[in-house]
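Two complexes come next, and they have one chain in common, subunit A, joined by subunit B in the first and subunit C in the second.
Moving on to the complex of A and B:
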């Protein structure tokens, strides 16, 4: 039982790191970013490429920085012009970006699958009860908790965090108070894409790298964001953890319908509470 | 230097003659062979679809370089299906309606099963090179549909031969939640139980699953001594990678179908060493036809050997080209007539395409990942002869 709960936390943690980037983007730019799965995939490949030269941890740093820079560029060139247009146009443009990212990776690394090894330091297992549990999986949980705590502290105890929270509720009024929301948005979008990169590089030793790896996890991260409440950081955390557990226990106790359970959960939550688990203004 | 008009003319003629000599001469009076390939170029089976693509391109280039097939140029068009049955039907129809009526190369069994009922309406023909579900040449068989790869029941017969040599009594099944995965799991269970062994737990993961940890934990808790894996492509890699991290691959006997392939081994590296599996095709096959194929493959794709799926797809192209030559036509009805009951030279040697269910009768193999010529490769340790590997046609097939 404990092992299954831990497995749920690993998957939920991975989903959280990816989904919270989507929440940041939606909160500040009101952009539903379908390219987010592509950023996750780019993060994994960038980390893999850099790890060939600088080792796994060098790969992590490179991936996060590279994706942050890419995020700043995307904000200036794509998200900012899109923030006031019809949502359907946003969806089409960002979905197009996802395809561009996939083709880019396909051209550079090919379609063959790539397996990334767990760094030697974290490659072993640890005994929990009478079962062995991989150390790396505990690290994934730790990274997710660190991201959640760090983000929460930044949002609640820093001036920039205050501006982000204010801007995600009402950008116009926040700007009228003298906050440079455009500059703020670049930083926040860069942070969101950096988190997508981080989730990709952290997930790389668990799932095979392929150009389509982003599309396969994108739906689940959208389920997290919608279930948690669009634009809600706390909601994304709760939803990711709940969906991670639903996924795990669903496989064990309801194997025939396990793949449907996260979707059913989302539908149930939206009927019960249309604004998501954590009520927001969205 | 001044060149006269006469010299210029003779030079131009010489260039034209040399050019005509070096370009294969295709007959102008014969229709080209138009091959349509609806396959998974993206998605969870994207790497498998790209293997199909490589094999088809290799076969087409090889044929055209030799002057075509029966003097006919071979043309090919690919369409992405993402291994989805509905998409395969749409893309198959698109290809057939645009003249590419000789269809080859879908990945998931559901795709082939979606094409079969439509073939006569489209006036098309389909050759399965990857689909394994028994129904394709069983209850869903079609006079326009042929299978050159090994069906599940052939794999089951290879498993039966191998399983007799294994001591483990308690097994688990990890399959893909597809027609093929379920079919393979059920076949394995029947075979194991027939030998007094038991399947203590089964897990079927959705295509493209990212997390196999809950299944792995179930296997650990069940006390299974062996695991039968019916996963392919990205799913197979994800499972093996995660199972290795839990230490499972070292504790239990692991075997599978479509699991031990050159590409899986290349991706997983040492993690795959010792894994058993059905080897439907291996570049190490000791036939003159296969040796010629592997040598030519190495020239087009330096430093590589054809993988399981590449070898099987090449067999499909070999059979198709010989059938066109025999039929002296590219009309699907004529080619189908030439294929059914015909005998063909393949990398397995001379092989018969059985008329009653349109299944190619070939041997099957079992082996494990081991060091071979300095690298890790799937190495054949057991050959199941063709009469055992491809027993009589399925009675459910009514042509």
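Moving on to the complex of A and C:
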């Protein structure tokens, strides 16, 4: 039982790191980034490629840095020029980017599944109760907790964090108060995409790499973001943990309908609170 | 035509002439004439495919035009209707005609019920929700092997005669192109009339500013739900054509890549005109055929085209054609 809960936490933690990046982008740019799953995938592949040269940890660093740079470019080349048009246009453009990213990965690494090995240092298992549990999975949980703590400390105790929170509540008023949201956004978008890269590279040893890995996790992270309340950091955290558990419970006990469970949870939450778990006003 | 907000977006300023109607009638007639003009079978097969996908894209485009909702999940209605046909044909004693009519009606009712949940969200969240819901249907059919046979899909058992016509009519490219072309033309014409009706204007006004329309005393939830349900119904009709033509359905008919494709087609074709997505479908299917023979980068090409069209031609190809047409006739653009 405790193993199931832990496995749910692993998946939930992965979802959280990915989804909170979406929340950051949405908060500042009011845009849902359909390319986010593509960034997750690019992060995983970039980490895989770099790990060939520099080992697993080199791969992690490379992937996070590369994705942060890509995010800064995205902000300057896509989100900023499109900020005054209908948000749906930006959504469609990011969807186009997702297709391009998938084609890119497909071209460079092919369509075959690639499995990434857990680094030797973390390859062992650890006894929990009377079963063995892989250490690497515990590390994934730890990374997710570290991201959550680091992010909330940043959001609550730094000036930039204050601006980000203010901007995700009301970006116009925040700008009127003299906050340069333009300067802020390049860093925040880079942070969001770096987190997508981090989740991809951390998840890589647990799931096989394929050009379609991005779109399937994108859907789950959308469920997390909508359930938590668009633009809410706390909501995304709670929703990711709950959906991680629901997902894992479904896979183990109700395999036929497992994919429906997160969706049903989201529908239930939307009926109960149309703006999601954490959002109080629309 | 009583809401000022709606007048602002849809007021037809072109001179009322019969010219567009004549063009439309000629295009429709050319379509019907194609099979007897000695067009090769491979081309006809592409045409049949394009008309069927065109029905799906028309459904997506109609939703964008009348409600502003961008659906990433319309394959659920399309593939859902095909699966309903397959499952009902296998497990019920109903006649094929009843099943073929019942499937889209069930989807219509389901779409109407679903609309009330979808409408609790707005804008971007609608897109995310439609994607998640549709993909859940895909996974359901994929994993529930005992009823849907998973990835391998289901053969659709149909009798030799449907609606008094031999089944082969629906499975040969030349005759099926005629059938699906006729369906597509009827749907586009109906939607064109609908967009000109009071209901069409009302939903456009709601799309523009829901709050103001409510202030004018209109109920705004129901019209939007009806639009979503109608759009689901049209997609389901596409699913019926697909089921008849292929005689087979796999979870790929529910997959989000198909939903995305339909959306891309609708956007490239342009959603402001009822016929835009249908035009997009013919362009898309033929380009894909050409590209498929020469490159493996079709997906990347689609992505780049989507980006370029959304940024440079927000009204799509049909929008550009309408602008050219108006300019040629010396009428100012709307």
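As a convention for this text, the second predicted complex is superposed on the first by the 275 of 282 C-alpha atoms of A that agree within 3 Å, B and C clash if a C-alpha of one lies under 4 Å from a C-alpha of the other, contacts with A are read in each partner's own complex, and residues count from 1 in each chain.
The rule is short, and it goes like this: a residue touches a chain if its C-beta (ideal position, glycine included) is under 8 Å from a C-beta of that chain, and two chains touch if they have at least 3 such contacts.
Quick caveat: nothing in here was measured; it's all calculated off a predicted structure.
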Partner chain(s) touched by A:102 [first = subunit B, second = subunit C, both, neither]: both
Partner chain in contact with A:114 - subunit B first, subunit C second, else both or neither: first
Partner chain(s) touched by A:137 [first = subunit B, second = subunit C, both, neither]: first
Which of subunit B and subunit C A:126 touches, first, second, both or neither: neither
Touching partner for A:259 - first (subunit B), second (subunit C), both, neither: both
Which of subunit B and subunit C A:146 touches, first, second, both or neither: neither
Footprint overlap on subunit A, where subunit B in one structure and subunit C in the other make contact: 102, 215-216, 255, 259
Footprint of subunit A on subunit B - complex, ascending: 41-44, 46-47, 49-50, 177, 203-206, 208, 210-211, 213-215, 217-218, 220, 233-234, 237-238, 241-242, 245-247, 263, 266-269, 271
Contact set on subunit A toward subunit C in their complex: 31-32, 82, 87-89, 91-93, 95-100, 102-104, 106-107, 215-216, 219, 222-223, 225-226, 230, 255-260, 262-263, 266-267, 270-271, 274, 282
Of all residues in subunit A, those that touch subunit B in their complex: 3-4, 7, 10-11, 102, 110-115, 118, 123, 125, 131-134, 136-137, 203, 205-208, 210-213, 215-217, 247-249, 251-252, 255, 259
Touching residues (chain side subunit C, partner subunit A) in the complex: 68, 70, 72, 117, 120-125, 127-129, 131-133, 135-136, 139-140, 143-144, 146, 256-257, 260, 263, 267, 296-297, 299-300, 302-307, 310-311, 314
